[in-house]
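Below, subunit A partners subunit B and then partners subunit C, in two separate complexes.
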Partner chain A sequence: MSYGPMHRKEDARFIRGRGNYTDDVRLPGMLYGAILRSPHAHARIVSVDTSAAEAHPKVRAVITGQTLAGLNLAWMPTLSQDTQAVLATDKVRFQGQEVAFVVAEDAYSARDALELIDVEYEPLDAVIDARNALDPGAPVIRDDLEGRTGNHIFDWEAGDRARTDALFEQAEVTVAQDMIYPRVHPAPLETCGALADFDKVTGKLTVWCPTQAPHAHRTLYAMVAGLPEHKIRVISPDIGGGFGGKVGIYPGYVCAIVGSIVTGKPVKWMEDRSENLMSTAFARDYHMRGEVAATRDGRIQAIRVKVLADHGAFNGTAQPTKFPAGFFHVFSGSYDIEAAHCEVTGVYTNKAPGGVAYACSFRVTEAVYLVERMVDVLAAELGLDPAELRMRNLLKPEQFPYTSPTGWEYDSGDYPKALRLAMDMAGYDKLRAEQADKRARGELMGIGVSFFTEAVGAGPRKHMDILGLGMADGAELRVHPTGKAVLRVSCQSQGQGHETTFAQIVGQELGIPADDVEVVHGDTDQTPFGLGTYGSRSTPVSGAAAALVSRKVRDRAKIVAAAMLEASPDDLEWADGKWSVVGDPSAGRSMAEIALAAHSNLELPDGVEGHLDAVTVYNPPNLTYPFGAYICVVDVDPGTGQVKVRRFVAVDDCGVRINPMIVEGQIHGGLADGVGMALMQVMAFDEDGNHLGASFMDYLLPTAMECPSWELGATVTPSPTHPIGAKGVGESATVGSPAAVVNAVVDALGPYGVRHADMPLTPANVWRVVNGDPFRTDLAIP
Partner chain B sequence: MQVPATFEYERADSVTHALELLERYGPEARVVAGGHSLIPMMKLRLAQPEALIDINGLAAELGRIAVEGGELAIGALVRHAELLESATATDLFPIFRDAERVIADPIVRNRGTVGGSLCQGDPSEDLSAVFAALRATAVIQGPGGTRTVPVRLFHEGPYETAVGPGELLIQLRVPVAPGTGSAYEKVERRVGDWPVAAAGAVLRVEDGVIAQAGIGLTAVGAAHFCAPEAEEHLTGRPPGAEAFAEAGRIAAEHCAPSADQRGPADYKRHLAAELTRRALATAAGRI
Partner chain C sequence: MRITVTVNGQPYTRDVEPRLLLVHFLRDELDLTGTHWGCDTSNCGVCTVQLDGVPVKSCTVLAVMADGHEVTTVEGLERDGELDAVQKGFVECHGLQCGFCTPGMLLTARWLLDRNPDPDEGQIREAISGQLCRCTGYENIVRSIRWAAEAGR
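For the complex of A and B:
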């Protein structure tokens, strides 16, 4: 009764400008922080002179790496068992790295004082191209780590190498393709920042911060800084977009906390746009070589891939501990492939740390891009239609649950149905006919298909943790005497509409209107522990917790209702949102009636407490596996290389849709992201390590002008492992769409013999590809 | 948070007052109109002027668009959006409509000004190419009165213009002649971006031959934003695809693009030719 399209409860404040973001929070006596950053990609710090800054009349404190070293806080652990400098002590390792922190009475003075700090650097050679990171003689970036003589971080593999290689040896057809998924950035509208308030009297630290994982932050602050956890409160107020870039703890957060402890005042630090783009979590930067073995009639037998992963100067990727390449090994995709193998090598470079962000589902983005490009490369080799080739190889509905060659257990799906629906919506055969006509006239039109399978909703806890914290989420539900409810959850919305969706889940389970359910989140003093919102895990994990905690309340309500109806609980049934005696639905008791009775003078059976409250923690038995079929149509101007996305058809299956309107909104955003990545977004660096995308003039976000009117379709295959059959959708479109756009452009360039082109497909890049002279998109254009 | 360094602020209530303020504050003062280049540069601390002289209150003197004495006069304080919406300007010269539709975005166009765009002197600026193609004249006022400078001599180098420290650009004047067609073609990576390359074309045809051609180029290292060799090639020839293609080729040969993240030099040179050709063809169709 509560599922279905419903306006978002949170929109009332957002569209009135009444949201409450971290930068909106103001405390009496609050001071302002600013960070001095490295102009060099790699340099030794010879000296730091802060005397002039300290003499500034409005400066209250200047904190350097040396200050922090005295507190044993100059380095902090990353989410990938590495360490990261909070403020540099020995060297700077990427342009934009944090060197000093100024606390002043206003933001202007803090910024002025940065110019008074004199840092002497001794520049060092930098490692910019990941492909040179392992060269003998390459500068060693992490000489702070004992025994390090090179830039190698890890080697990791998945799948069956011997079986895969054997299939390749016998194969009728093999294809190979090098490709870069370049470094991009989630670029949320709200940058990162923190307001730290350490109360010396109570010993309590309160941190306002746009974090996607407030509870994890609290526990890590306790573990790292030795502060007692019950004296730490993390408040994540409204967040202006996260996309995975607000999972980790950034040096600025630690600086704000230290600044507050040192000055005894609240200290606010908000980074600016350039700081956000230069220093916070980037995404991707995977250099891949994919290979596919197939029969001549288009049956894919094996796939293998080698990846060189650029992790930047500190290995700070946020993903389950066991998986240093995230979920990349889901790269066999949506196809019935006998064997698969991948090898991933992670390296340090003189760039910002990160790698898992931008709605990537722990690198399913890279995996889907790889396999979907490779299928098109194979289609070109075999002279087969790429949709037809996919149809021949898609997993069949009867194969689910399906264990993939790299060990994933896909829960459910009807892949051919989704692809057929997308093709019908697009009018696929007509489009191909139009393309043939246009080609005859010398016009370039392309049709790109991609099919993706996502793996979202981490845990289970036994396989998935972050720094030892299992990936589960809690929920608490209270029903007040008048039947209104408050749900408290551990995940934190960054725009996903949790206050609405989760209210609808509770409403559905309890038979009350969603408007009668308040959802509380983002405050560690107000909500139960859990790992937070990323990897499309809110609905798969917290949504499940919300349903299960509601069912606990419903079970409790049954006992109360039985007392009200003077019947045995065993004789009651739940129907039409009421508990009633079997066969007598007219005398049923609604949740509001039961709630009031629970708190009234009604005599309850011995041992039954008079309330309708419950608590749960949901530890998912498996991931959920949303999927979808996307078709993109582009027109390319051969004279200028400009690409116009004319149409985009997206069929998504994310299981049961709680609020289809929110689902569609999420898909719209993800598709726009995909167009952005495919056509314009990249963080390139020049040979000295200068960041070439440090503002929105250089790092381009797509606008409505670049986006067609999205054409959405849906199939619904409920997840068998999720209590309400939902699968998560937040990242599906970002994962699935870049390949569709790139496949469309490459398809358009077919007459030139083009089989691959790296993102972003800017006009210049397309023109160079057409002329057989592509450039490296991730480096400075020569 | 991006915050500028300290600066003085003065609001001018007349052109005379603005000139007085410029004299009082000296060469470290900057005039602010729309502020869409200057303010971001100040917030990034790439520019740290000691004083800002705000001329936004001078619309009565500097905000007019009118045809006077055979010339289209455009005040320096005319906003991009006003030029785009001015039938007077765009009916005479559709090149204004073409260009203004692809300059930045509506929010910037509502504030940004024609004069500010030219005075910024950015080598990738669109209107610099438009006015170069139109062979406009810049009117500059200083303490001693006004003087005029052909717009093709207005830019003395990247971010350098003929406007002296105590002076103010007050108007652009464009000669109006019958038989004229004009157009602008731009390639950008995304709507609102600066051009990868752009070309403007103005053609005046008399008795079936081109009496005068104006070609403006931006972002490709064309001296003074124009292509005189290509213009010369066209003069006296009948308009046509072959002549336009050759003019594009010549224009490309004489520009000096440099590589940046918008594209490599060879691509920009190619665009100089391709967009010149396209702009000429469109301009010819509008005569």
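For the complex of A and C:
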């Protein structure tokens, strides 16, 4: 019963090696698939010769773009209403793009056979740097699209341009800064893959796949492949991390399905790590120019930004249809700003598709990074302490609910309290004194502050859908005769611990132990429809559904209890986990007693069915807006350029915490992401479009050595719109922390006149600055 | 090639291709799927097992190299129904989220505690520095191993 730290139910299997990830699933007669990928970023396919591969004794099928074209499956829709090649027919458009699919008796033979496929390419000029995509002479990447003469995808804007520009014209102080949020990849340790099993006799297709959105996948398979939806079952078993990279449908999934239909056998395809890094959803890749207008005493009046968004070769971002730049327009952040305006232009390049992934809350990450860097740039211009400048501009508690200049309705918050707590925990003044001492001795120490407001828990469905599917989540709850319960939800955990947290929600609402609640998820045949787990929406949406369906059950239990107590339901009250007659709590009936009665021969009032269960669909009235204040302390070695994160203080407010242990774990993980992105991780390309980060030797992820011991603090401001006052938290730290790290490094490099530096702040990049070169703002790694 | 490998105390004899990796031998031949695979370059460590008591990345060992040797996988940590202290520690301190890195972390943790029953935070971080975790930010993994050290005293 009740909220609080509770050991996770899912741990019992994981610590014994008994998790069940997609690659652990084995079926009798199963075959193995492998994908041949393009070595070129942009090339015309002249010919594909599969005869030698087909002659391999262990090969059962070779599928090419031509095979798929015959089935009308060579192209599939993306989540942004574009199309994407499943297997290339005409051209390849990024290095690593899928060209052919081999099905063989074992995984090693499938890979051997890839070497036997002969593809003749005619290389074409490639567009790698988004800044060249709109040049008049740029090669047209998507000549497959009718009438397409350039690489422009969309222009989109939000906010009030006239008012913003007017404030800029009159402003006492303005600052501007170009910055890049580089392309990164979520790199969950489990790669993507699928096991497809098409049963010709029953016509049923079962797909095991680590998808964060099993129901969306089922519906899309039905729409794309023309298979009847009730004959499709998507099972998302245990997922080895997702972080947004496992939302979309990848060509390999479709290939595995086609492979199973063609061979009549189950076909498993698991990508390797370089395939994962080269072809599955990247994140960010925003080239931004931010500007801030302020008074000389540090009152921020307006903010505007222009963005050039690199969407890769196919526009495949996973985000609500209405918002081609995701929630980027929440970029006025946590501050009381009069006016704001943003313009975003999306372009195609010869790089992998994606853009919205990696715990970004539909691009709140980019928005927070932009505003938090701009505040520091302004602080430097005004000669003000960055924490003090934030304090002067933060929204005040009495301003909530607050409508932002771009139309967001922030639900609740006490921002100054969170920042003050973070400063107290960090010993901010002492740190500044230490920094001054060190500077005097020529040592480089930096203190970085960031404050973020997240926007998570999409819908409402009126405003938020993916390919027409509204973002509302179902839940079903059944209480068995002995008072044990089973909750079925549509979202799918990738490590967030839903089996525990959701059981706690039901337990709290029904007055039964969380251990008595089984949570079923990740199987479309067993769970109600819903849009899945991403954008920190599980607790805000499915968690709310779990609470509300429990309340429905509780209301039904009230009628049963009234019959048991021979009282009117109106005379009953819910107290201490029991229904009892007002004023007589001792005779109350527990949920277990009521459940048994509901299944018994007890006479129930007319119109009341027996048993104890309910279904619901939760369509959130608004997003939830978690927030937090982060402070990072770094030491920079001027001799090597190495940045050491010495301390990281994180105060998070995600409303009511159901299981604080799990919440803190989510924050820890996101903070490591922030350190990784700020200092190490980048998906770089050379000018021919060769991927320079296609393995973990080149795409560096933080280990235990790069991470400090995180220092966490909490404030609790319940969400007024969520039934239990909770807000999402899964992505808060990934959203909020990169700016704190970068601000700290820039602060450390202050003596060199540095005001901005683009991620990743690798030793080479930092060393260059220390040695008198300007920071590089382009991302080609020398 | 015919090889005999003792895994979690039990000998297994199989005919294998010389190129078969130990990780695939364990997973596909012996159905011990607790050992995971996560990269092509020996960087991630989710494949970590103990070979003759020493942690190795089983993606970087050929099955034939394990011929005549002893392998311990995560499935071998629990003894007679009793969880190893490191397994308990990971539950106690929330040392896992998605669980994909966990088996490898547990085997390294066990090796560390066998050599050094009272490691400090720095020693723990160094011991697991060849293994990635994308979920926990390492904080609770460190605490879990400390918990196991204290429980073992």
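Here are a few things to note about the model shown:
Here is the rule we use: the second predicted complex is superposed on the first by the 771 of 782 C-alpha atoms of A that agree within 3 Å, B and C clash if a C-alpha of one lies under 4 Å from a C-alpha of the other, contacts with A are read in each partner's own complex, and residues count from 1 in each chain.
Here, contacts are C-beta pairs under 8 Å (C-beta built on N, C-alpha and C of every residue); 3 or more make two chains touch, one makes a residue touch a chain.
Quantities reported herein were computed from a predicted structural model and do not represent experimental measurements.
Contact with both subunit B and subunit C is seen for A:T703 once the two complexes are overlaid on the shared chain.
By the touch criterion defined above, A:I15 lies against subunit C but remains apart from subunit B after alignment on the C-alpha atoms of chain A.
After overlaying the two complexes on the shared chain, residue contacts for A:S274 are found with subunit B and with subunit C alike. When both complexes are overlaid on chain A, the residue A:E190 reaches subunit C alone and has no touch with subunit B. One of subunit B and subunit C touches more residues of subunit A, and that partner is C. Once the two complexes are laid over each other on the shared chain, residue contacts for A:T64 go to neither subunit B nor subunit C. In the superposition on chain A, A:R768 makes contact with subunit B only, while subunit C stays out of contact range. Once the two complexes are laid over each other on the shared chain, residue contacts for A:G241 go to subunit C alone; subunit B is not touched. By the touch criterion defined above, A:Y108 lies against subunit B and subunit C together after alignment on the C-alpha atoms of chain A.
Touching of subunit A by both subunit B and subunit C, each in its own complex, is seen for residues 23, 107-108, 272-274, 695, 697, 701, 703, 705.
Listing the residues of subunit A that touch subunit C in their complex gives 7-8, 10-19, 21, 23-24, 26, 107-108, 186-191, 238-243, 272-274, 494-497, 661-662, 664-672, 695-697, 701, 703-705, 707, 709-710.
Within the complex formed with subunit B, the subunit A residues making contact are 23, 107-108, 111-112, 115, 270-274, 639-642, 679-680, 684, 692-693, 695, 697-698, 700-703, 705-706, 762-764, 767-768, 775, 780-782.
Within the complex formed with subunit A, the residues of subunit C that make contact are 17, 19-20, 24, 27, 31-41, 43-44, 46, 73-75, 77-78, 83, 87, 90-92, 94, 96-103, 106, 121, 124-126, 128-142. Per the touch definition, subunit B reaches subunit A in the complex via residues 1-6, 44-45, 105, 187, 189-194, 196, 259-264, 267, 270-271, 274-275, 278.
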